[in-house]
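Presented sequentially are two complexes of subunit A, the first with subunit B as partner and the second with subunit C.
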Partner chain A sequence: METRDFELLKKLSEAFAPTGEEEALFPMLIEEIKPYVTKLYMDRMGNLIAEKGNHPDLLFCAHMDEVGFMITEICEDGSLHFDQLGGVDPAHLASKRVVIGSQKLPGVICARPVHFSRKEKGYTPNSYADLTIDIGCQSREEAEKLVGLGDNAVFDTEFSYLDACESTVKGKALDDRLGCFYLCRMIRDPEIQNVVFAFTVQEESGLRGAHALAESEKFSFGVAVDSTTASDLPQTEGIFRVCAQGKGGVLSYLDGASIYDHDLIDRLFQKLESEQIPIQTKTLCAGGNDASSLQKAVCGAKAFNISTPCRYIHGSVATARVCDLEAMQNALSSIYQFLNAEKSK
Partner chain B sequence: MIEIQKFQELADTLAISGCEKKLAEKTAAALSPFCKEVGVDAMNSVIAKKGEGKKKIAVFAPLDTSGLLCVPDTAGKTKFLPVGTFDAQEAVGREIVLVNGEAFLLRSEKEKNAAVRDLYIETVAPRQGAPAKLKSKFQKTGDTVCGQYASSYALYLLLEEAAKKTVESANETIFVFTAQSFFPRALSEYNAAMRENPDLALALGSAESESEAVLIGVRDGKHFSDPNLILQAEKAAEEAGIPFDRSVPGKKITKAEEIAATGIPVLSLFLPCRNQNKANESVSEKAVENLQNILERILQI
Partner chain C sequence: MDTLFALQKMQSSPCVSGREFSLSAFLCAEYASGFDEAGTDSAGNCFFYKKGKKENLPTVLLEAHMDEVGVCVKELWEGGFVSIEPCGGLDTAILPGTEFFIFGKKTCRAIATAKPPHLLSAEEQKEKLKIENIYLDTGFKTLEEMKEVLSVGDVAHYAAEPKSLNGGFLTARGLDNKAGVLAVLNAAQKISCEKCNLLVLLSAGEETTSIGVKSLCRKRKPDFAIVVDVGFAYGPGLERSKCIEMKKGPSVSITDTLSRKMSNWVLDTAKEFSLPCQVICEPGGTGTSATAIQVIDGGIPSCVISIPLKNMHTPSEIVYVGDIEKTSELLIALCEKANFEYGEVDFLGNTGL
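And then the complex of A and B:
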């Protein structure tokens, strides 16, 4: 990956932007895309919308927000009870580092030591009621000087290459800073014109940003660029692998929230395969993404979703293969050409 | 008059939820000569408008059926994702038709309580994501037509016939053949209702019944039909001597709920059928005729 791209992705991944509090990304994205767009504005919901060309009705969107936590109680001993923002499995949280608020106050999610707790009921925390965040304070009074109820937290994970060959990247919030990254690169591309690019808010808390966008603007086609659940792990076989890393982007026929136009997806597969751009589909479906909101608006668009296969998403660290990032970028350029041709039919 | 050939044509069309494009285009073309305006929306629902008048009445019926999408399996078999509600246990041992027209026996990895993820066929599907549907050979015995999805096809044909028929009416009628009606969260009915904004709506569906009387839906799991529309429908049926019963399907949730969510008064009308969602689902000619007659009268109110 070129240094410029690596630095952009690192900046996006490490930004503090839990669902509902995406502001930290605005200056980064605006700085990155402003020179290339004809119109740049924010709607009432907080979606950042960039237009290239005049009156475009073709939309590519990616969500800015990430999963995280909200502080719900400051305890007598200075520790913090919290709840999830988006879907995060509490069983995966013990001992994880987090940062709280845009000031990035460090914290650690509490876990009992293995020496004493293994036999105890509740050793593996399976509910948020079992968990607290330790911020090093000894009393409620001390903690209240640093944190307030309703403050948000996200994982504290450094973005970097995972391996010496630089074939895999790891970081938090790849879902969906990777999507934002692709959109930035598309905006830079002089070949891509007459498109609306939307960086949406609150996807992780119910596809809300895209819903507001789709109800206020009419698009003929909408593409939600996202990340999805690669489960190609050693102990997983058959359809339970869902999709695999190293095999390109994932184009879905359906997910937990929508069925996409089968004919359109078929023809996209044919085009991408004919151009030898790696592409795959999923073998199990769960959850939804912004394409659902684009499709289900009253004057809905022909919408679909393409995602990067990532391992461990919605956890403290996710991984993605660099070859898949390149395949995704190529697929998006090809999809842009395809949809432009469809519009002129 | 039930034409079995038309049922078989629909059965041979792979118009499962999300794959309605061809059927939508065919339906729109067939209705164009009879309607003042025909369109296909982004979800592939067909919307055909007819007449002018004091009221705008929308009638909704499904365009699609439930089905399966093929997915690759590392063992060289083909497995499936369900599209809409699909009774896996009932489907084991039956044939499914793939997009290339070939039929294969559906097997299960589990002997009992099979779920869709347990189903497989011993062949590699022509392509991943290809639609597949249970094979159905329609038969007619006396005045009863029998085959998988018989009631859905009967509703489609009934609505198509109503849209083609020239009826003097004081109202404007909007015929909506909804795509993705078997996908619970698709909102295709909701969105069409929001866009067209009719004064009232009729949602056609089917329900299990031993009789041939039209079932006037009073409530389902989430929605109540408009009380005035229930009374008007019952009055119209009584005057014309059309047999009817009130239907209270209980927990069953119908797509009328989506229309009701727009604030538009809606009435559910059910075509009575037997063995619903089974291979031998059956609908009688008399039941279809009863629903057709009641529909024509309600469109005049």
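And then the complex of A and C:
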């Protein structure tokens, strides 16, 4: 990966932007794309919308927000009760590092040690009620000087290459900072004109930013660029692998929230395969993405989704293959050409 | 007007979620004075509008839902029994022995009933009562007699008169969200409209579909919305982090699904006017009208202000009258400032977005 791109992705991945509090990404994105756009604004929902050209009819969106936590109670002993923002499985959270608030106050998620697990009752996974965040405070008064009720937290994870060959990256919030990253590069690309790019909010809270966007913007085609679960792990067989890393972007025919235009997806596959751009579909229909909200646009848009195959999304650290990032970027350029041709039909 | 008296007047009109027409007609007639516009619509809403004292002022929506939970008649049985379907979220555990009014051709009394505990099998005792196993006993001797008055689709709500308790507390059915309606109406009459146009919406269908806010907000497009509802007051067996406290004024919700900036604005304004305002954290959403309003038409920034309430969705909800009054004062303060920056932000400095 070029250093400039690596640095951009690192900055995006490490930013503090849990769902409902996405402002931290604004200065980074604006700095990156401002020279290339004709219109750049935040709507009343908080979505960042960038236009290239006049009256664009194509929309590409990626969500800015990531999963995280909200502090819901500051306890007598200085520990913090918290709950999830978006979906994070509490079973594996004990001992994970977090940072709280845009000031990035460090904390550790604590639970009772494994030695004290209730053997007689069998194993019960931790729920949020069993977990607290320790920020090193001994009393409520002390803790209240550092955090407030309703402050948010995200995983404290460094973005870097995973392997010495630099073929895989690891970091938090690859869902969906990868999408933001592709959109930034599309905006830089002089070949791509007359497009609206939307960086949406509150995807993890129920596809809400894209919902508000779809009620106000007019477009004929909408593409939600997101990340999806690659479950290509040992001892996982058949459809349960969902999709695999190293095989390019994932175009789905349906998921937990949408059914897409079968014919359109078929023709996209044909085009991408004819151009030797790696592309795959997925074999389990779970979850949803912003395409579901785009499909319900007041103007009646055709919407679909293309995602990067990531492992371990919604956890403290996810991975993506560099070759998939390139395949995704190429697929998006190709999809842009395809939709332009489709429009003039 | 005395809170208890106002509540008694309001509660003489039934308003089970989805059937709010008689209450919306009553409210529209009773509270129209002082507004430039008063109306009802086909969704069942009642709304009022007061124009601001200047041009180009933002339109602030003050919303409280007027509907309450209840049940709907599903089937008529021999022996004067009817089976029911909930309208909104009811706790089946409290139903046996609870009295109802069914709104048929005439208003009928009824008592909810289920198999007595003595007769339940050991297995049945472990399970939560299902709504299918609960009947309303209307006392009619025959099916024919009952059919003269009642039919499938009639709605019913708890039969429970509002009553004052010791120390400024009040108990009644449907205080979720008549407490909010009272707070909004009291405030609206005192708001000067120097800084905003005021749109008041007493909405229909919040307990079931949010149909009221969805239709009216798309039509009237307010610039930002203040939703007034009730919140869980802390009591035995409850989690502190999910509750607010009685006698400490209203709360504002901090949540990922609404405008955080607006929640902060509410807190700042409360501080400026020395008004009490608690904080409740609701990751994942607030379960109020604001959820629907926030995402309408490019976003209508919304916040939720809650009045602490005990025994939610039961015949004997409890509020502290002082909390309703403090809520009104906060609403007035917010509307007199109306300085929340709600608009689109242009990062290129172009005009005419």
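One rule holds in what follows: the second predicted complex is superposed on the first by the 329 of 345 C-alpha atoms of A that agree within 3 Å, B and C clash if a C-alpha of one lies under 4 Å from a C-alpha of the other, contacts with A are read in each partner's own complex, and residues count from 1 in each chain.
We take it that a contact is a pair of C-beta atoms (placed from the backbone, for glycine too) under 8 Å apart; a residue touches a chain by one contact, two chains touch by 3 or more.
It should be emphasised that the depicted structure is a prediction, and the values quoted were computed from it without experimental measurement.
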Fit or clash - subunit C, subunit B, common subunit A: fit
Partner chain(s) touched by A:5 [first = subunit B, second = subunit C, both, neither]: neither
Touching partner for A:285 - first (subunit B), second (subunit C), both, neither: first
Contacts of A:69 with subunit B and subunit C, given as first, second, both or neither: second
Touching partner for A:83 - first (subunit B), second (subunit C), both, neither: second
Greater residue coverage of subunit A in the superposed arrangement, subunit B or subunit C: C
Where the C-alpha centre of subunit A sits as vertex, the angle toward subunit B and subunit C in the overlay (nearest 10 degrees): 60
Partner chain in contact with A:46 - subunit B first, subunit C second, else both or neither: second
Which of subunit B and subunit C A:232 touches, first, second, both or neither: neither
Shortest CA-CA distance in Å separating subunit B from subunit C in the superposed model: 6
Footprint overlap on subunit A, comparing subunit B with subunit C: none
Complex contact set, residues of subunit A against subunit B: 237-239, 241, 253-254, 257-263, 265-266, 269, 280-285, 292, 295-303
Of subunit A, residues touching subunit C in the complex: 18-21, 30, 34, 37-47, 65, 69-73, 81, 83-86, 129, 148-150, 152, 202, 204-206, 208-209, 211-213, 215-217
Contact set on subunit B toward subunit A in their complex: 17-19, 21-22, 41-44, 69, 71-75, 79, 81, 83, 117, 127-129, 131, 180, 183, 185-187, 191, 194-195
Contact set on subunit C toward subunit A in their complex: 239-242, 254-260, 263, 279, 281, 283-285, 294-301, 342-348, 350, 353
